[in-house]
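What follows is a set of structures for review.
Across the two complexes that follow, chain A remains constant while its partner is chain B and subsequently chain C.
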Partner chain A sequence: MKHRRLIPLIILIFLFVSTSTACSIGTKESSTLVYGLTLSPTGIDPHLNASSELGIPLASVYDTLVFRDPASGEFVPGLSETWSISPDGLTYTFFLRRGVTFHDGTIFNAQAVQANLEYVMNPDHHSQKAQFMLGPLQEVEIIDDYTVALYLSEPFAPLLDSLSDVYLGMASPVALETWGPTEYQFHQVGTGPYRFVEYIPNDKITLTRNPDYAWAPSIYQNAKAKIDTIVFRFYEDPATRAIALESGEVDVIGEIPPHDADRIAVSSDFDLYPIAIPGQPMQFFFNTKKAPTDAALVRRALIHAINRPQAVKTIFGVYSPVADSPFLASSFNLEPQESFPTYDPETAGTLLDEVGWRITDEEGHRSRNDVPLELHIVAPPWGSNSEMAQLIRADWEAIGARVTLEIAPGFGPLKEAQAEGEYHAIGINLFGTDPDLLRSFYSSTGLYNWSQFEDPEIDRLLTQAAQESLDLDARLNLYEQVSSRVQEEALVLPIRNYVNLVAVNNRVEGLHFTAQGWYPILIDLQLAP
Partner chain B sequence: MVSHSDRSSIGALTTVGRRFIEGVLTAWTAVSLTFFALRLIAGDPIASLLSQGLASPDQVENLRRSLGLDAPLFVQYLNFLAGFFRGDLGTSLFTGRPVSTVIVEQLPATAQLAFAGLGFALLFGLTLGVISAWKEETPLGQFAASLAGLATALPVAFTGILGLILYRQLLVVIPLLSVVKIRRLFLPALLLGFASAGAIARVVQAGLKETMKGPYILAARARGIEHGFRLLWHALRPALPPVVSLTALEAAFLFAGTVVTETVFSRPGLGRLLVTSILQGDYPIAQGLVVLAAVFYTISHMLADILAFTIDPRLRRVT
Partner chain C sequence: MRHHLPLLLSVGWLLIVLGVSIAAPMISQVNPLHPVAEPLLSPSQHPPLGTDALGRDVWTRIVYGGRLSPGSSFAAMAITVVVGGIAGLIASSLGGWFDRVIVWLSNSLLAIPGLLLAMLLVAAMGPRLLTVILAVGFGGAPGFVRLSRTMFHQIREQNYVTASVALGANRTWIAIHHLLPNAKNQLLSLATTHYAWAFMGTTTLTFLGLAGDPSIPEWGVMLNAGRAHLIDAPWLALWPGCAISLTILAIHRLGAWLSQREEGY
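For the complex of A and B:
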């Protein structure tokens, strides 16, 4: 019976030990914030890997040559104090900031810029994103220690935007050289407000504040970071994210499902930040090479048939705006030239009647010359695309089509289904701050020209816009023409503009994001006392 | 003349040897199936690799050549097998890191979870099995039997979220729990173990009910051995070999079960690695994991055979 008396004692000791640990954490001077990430990337070297998730921690490890103001979309000095673009748009000269040191103590200079860009362009390194962001870059020349020139083979307007993104953040050439393309991701060295401490795949990324940081760009409010340590953990299952926040495991977490967001929004302990992500909306491309969607009138009818506001509300709650244009970013809001086709099933029916797709049976199914109106949708599995595709199917069935739906389990199968060409509508969208993104989707030879539409006018406009390096208004005007042409031809069914629902413990202050939308500005975060 | 103990070790060796050959064949079949199935199902890895990169068609083909993915599928397969027999599992398409390094990095987390889970599975399985056989006619026995059924029926995807929600509510009452960090290992291992306990409980229950009818139980009773002891020792021991075999299967299943558990509980590990590599089309990693699974499956079966020999002398007879 002795043991029975021991048990309360053990519990007491246990409680004592745990409270004392808790106290020691509470009174320690160093502050730690835990940030919940949503996807576990396969690799996190921004120069070589492509996940948008990696920028959430790493945008604060690296500085870029220029930064983009999130409000105005203007470029502001970063590691480059000033820059000039030659009138032909082929030469960019950067005049670099002096006195900047990498986290390993080495000096940032023109040699470092050259080493970084050559690391990215090295074909053996298989860069998945950064190398393509450099477009037609041919050569990087060191003019002097603090002046560097980039030579292009043709004008490339998105270059500054590319250079403002973390994928082209400046890394220590010594670290790049020491670790090489396979191991550098575990030993990243930049010049930013936070230092990289460690990366344990699928587990966590740890950063610590850089006390030597003295070159904050104007888009940062603080000169130095306030929080000592920031730990990033991965929460891949959406259902677990709000729970992690509410149990105090994380202080900030992105991509909260809308039904959890409702609860967070009214909570007194947590705040909800709906953050607009620039780029393309959730959208479905019509296959213009396959009947019946080869006819513009049919495509227009199919857009009219969808109750987009209702569908967006059903799936995304009150947080997502309905999309009416093929691209959205703070500096490039492409307004539709004419009013976008609204939900109007009657007009949809009339349009289909006009082109011969008439209701021919008692159940209301349409056919033309005894060929039934059949549509095949291919949807990717991510970002609620598959749920949205089901609502689209229901709306199209309501106007008399027979609809089949295929959910591709990943990007590979999606591309495969696209290459087979048996779809009438297929979902794909990418994020980005520069509308040159549209060139890959709408030009005849674009990698993502999944509507398979070939239009010399669109090609001309997109090429011209990509080369218009100096005049932003002229570019905007060209993209607006693209946008109205896309709408005229009803090539795409835009659904909603992307909003990242970020949930935050309200002891966290100062949370705001870069122009790319995904990346928090960690230097400005602080914890309420 | 061969002594009894020699004959038994020959029997054991034959079985273990047979298992080994089976294991090699299993590994080869599994890996070959994976090699072709992945390429049929998961599509073009280059498409996945460049899903965020705006490459021109020429750049796409250059990358394909550079990664050796332009060769005919059968040539790629032979190259893979050649590497496989040299002990080289290749490198990740996404990071260029050796597959073996990537797997070894994630292995400890999964092993920890799987072994802790197995411990809970045995604990729950044996307890529920014994109670449901022993107290068959009482409400307690029926409760244990239904709990075992429930354990089999409820997936970790469900119990995991439920566990997390309960844990969150519990934290409000006992904030100290967050210091103990039970959320990272205890809770997932508990739920993973629970999910695997049902099958073990069933086999224990069935085995016990069978052996309880055996003549040695009658003999034990004749010697005046009391109820509880008789049941647990005399009846349980001969009922154990199928439990051991099942546990070996369950151990393999636990490794698979970690796929969901690791995702729900945000733990690192092989399960997460497998899902990511298949979804993203990082074939070399998925293939490496299948090899590992086949090897693990073989080893756990060999161990189960040896253990069964040790527990049940009747199996040692060479026929």
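For the complex of A and C:
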């Protein structure tokens, strides 16, 4: 009797399975690509949220007024065909492209630009990144339907770079108005080669190709997108990423752990793209407000004590260059002026002896006036910072320090640990294409001035550099002076230049990235037949 | 004799762990926190157990882990037994209002699984090995209160206790002279069984990264670090995994034997 009841159930299961496989065959015919993201952001409205991850899908949903050529770093026309900067650097005029429509049919014009910038600057919207990228922007004036002027209260050299980034991508003013700051992230409307379909937090983001796209900037190779649907899924645990690729779950995935990358690199089914990310190197700031790292000589000794090439090789294999400068890893080719302290534990010991931290017990521990040399490291949990901190600890213990290590479980706890001020070294770095990024790390009042160093000379140089909007060489020269000063004071321990290891199923062709490094140019992707 | 073989093996393993952890600095001269060779060397290239992802000697870390893992879970178990045992004793000997409050409190805490309770405690106190010990210790206490209270109750029902009460003995005297001495053996077997739970609890929490410092040579921490290398260096997860499983099995076998003996088999 029991078996008879089972038969309809089995038939039902069969039907279900066969229809679902039929469905999946159906979607494969209309080309779908699955892209693995590595972090599930808390919000994905680029105008309001700050995650680097959100730009991976959304840089193809939005176009920007200007684009930045990944090879030369030059600005090229985007939604703005030409632009002019007044000699005093206070007025930027953009002459907009005609015939551009948003995905919802709204016409792109000067009113749209004004609506976007005002949406970002609205203090009630609490934009985490975009509003700061606009710097001293005062007013947006509509000159005519296709001409718009931006007025600044003081010169601001990073403005064009800001306007080339997805955080200031142009969104449909109708959609912004309809959905408002809390709902818009689920209903994003841009002018880009891909349309936003849906975002289900912690599950997926879906894009579909925009058949009406006819205003591709020169940095795109294709005029229209080739793949119909792109689905983005989240793989937060690094150990699952390569497996997701190898099992066919995803076609492209970033931030592969280096030891998995070795396997991908030699595989005949997959390709590895090591992509240099502009921004700061992995780095640890010394706390200049807490003994013993309040002494520049101690900081210098601690840098000498770290075998950075060995540590980078251990953790990142062959894929990462060792960083020798507090400066941006790529895009701005700033050379460090003096040679950076190399691995030299003997010099480290001598320097520590000089300032009174001498070896006082049989195990080689150092102390001064009976105070032991104790150091506390706080490291963020992401991007192998915790592994690096363990190697730093080993190297500092080798020269006689007693070291404790704390891994902050997230960005919030990291900031709390910083605010408590009980650290001697703390890890933090951000990405960006403009060197003005350094201002928030090295100016006295900077949000990330975690070395807590206050220096009028550095402040002056950074302010002047941010205002030097017309002469690029003069600007770079100012940053080089900042670099010298930062190295002189040994404020920071740079470790490695950031390289995103992207692993790709080799049925995917045409993968390349924007100047920001993180964002793939989705319009140029195609699937091999 | 043959039927005692699993027990003998278990006791043998526990003695090995104990001996090795006491003699750790003599067994391995290298620092368990410092790299000694290239990373990810296999056991054949860097005997006996290979190196981990940062180039540290896995054998040394396993040996030192024999101190941290069993030691910290022993401390957690001790907290549970002392706190839970005392609460059970108070509930059982004072009875009435005290009994009801203690039972109500432990029942409501039992609604939350012990490990979850421990995780909440760690979240509140911050990730450190010490807080893991406290959390597992206090997280296991509500369940232990119930067990010990029932046990003390059974002893209270004995005729000799009734006789003492008839002779005018007060509650404290009974607790000290009858309940505790007669509960000794049973308490030992309960504690041993609970030690296996505490061991599982501490290594689970350290595996989840709640010990804070990822460099400590603790078996749960090492198991988690090995997880990223299951394909290219599976032995990194294998050694601490075996150490944890064998130790839990051995403690369980010992606990089972103690309670069987108690029940008169």
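By definition in this document, the second predicted complex is superposed on the first by the 498 of 529 C-alpha atoms of A that agree within 3 Å, B and C clash if a C-alpha of one lies under 4 Å from a C-alpha of the other, contacts with A are read in each partner's own complex, and residues count from 1 in each chain.
Everything below uses one rule, namely that contacts are C-beta pairs under 8 Å (C-beta built on N, C-alpha and C of every residue); 3 or more make two chains touch, one makes a residue touch a chain.
On a predicted model such as this, the values are computed, not experimentally measured, just so you know.
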Overlay on chain A: chain C relative to chain B, clash or fit: fit
For A:111 in the superposed arrangement: first (chain B), second (chain C), both or neither? neither
In the overlaid three-chain picture, which partner chain does A:221 touch, first (chain B) or second (chain C), both, or neither? neither
Between chain B (first) and chain C (second), which does A:82 come into contact with in this model arrangement: first, second, both, or neither? neither
In the overlaid three-chain picture, which partner chain does A:409 touch, first (chain B) or second (chain C), both, or neither? both
Would you check which partner chain A:181 touches, where first means chain B only, second means chain C only, and both and neither mean what they say? first
Determine, under the contact definition given at the top, whether A:239 touches first (chain B), second (chain C), both, or neither. both
Hey, is it chain B or chain C that touches more of chain A? B
Just to be sure I read the superposition right, which of the two partners does A:506 touch: chain B = first, chain C = second, or both, or neither? neither
Just checking: does A:397 make contact with chain B only, chain C only, both, or neither of them? Give me first, second, both or neither. second
Smallest separation in angstrom, by C-alpha atoms, between chain B and chain C in the superposition: 5
The intersection of the chain A residues contacting chain B with those contacting chain C is 239, 243, 409
Please name which positions on chain B make contact with chain A in the complex. 41-45, 47-57, 59-60, 62-63, 66-67, 91-92, 94-97, 102, 105-106, 109, 161, 164-165, 167-168, 171, 176, 178-180, 183, 262-269, 272-273, 276-282
What residues on chain A touch chain B, complex-wise? 15, 18-19, 21-22, 40, 42-43, 45, 48-52, 123-124, 126-129, 131-133, 181-183, 185, 200-203, 233-237, 239-240, 243-244, 246-249, 409-416, 430, 437, 439-440, 445, 447
Given the complex with chain A, which residues does chain C contribute to the contact? 31, 33-35, 39-40, 53-55, 127, 209, 212-215, 227-233
Can you list the chain A residues touching chain C in their complex? 238-239, 242-243, 257, 259-260, 262-263, 314-315, 386-387, 390-391, 393-394, 397-398, 404-407, 409
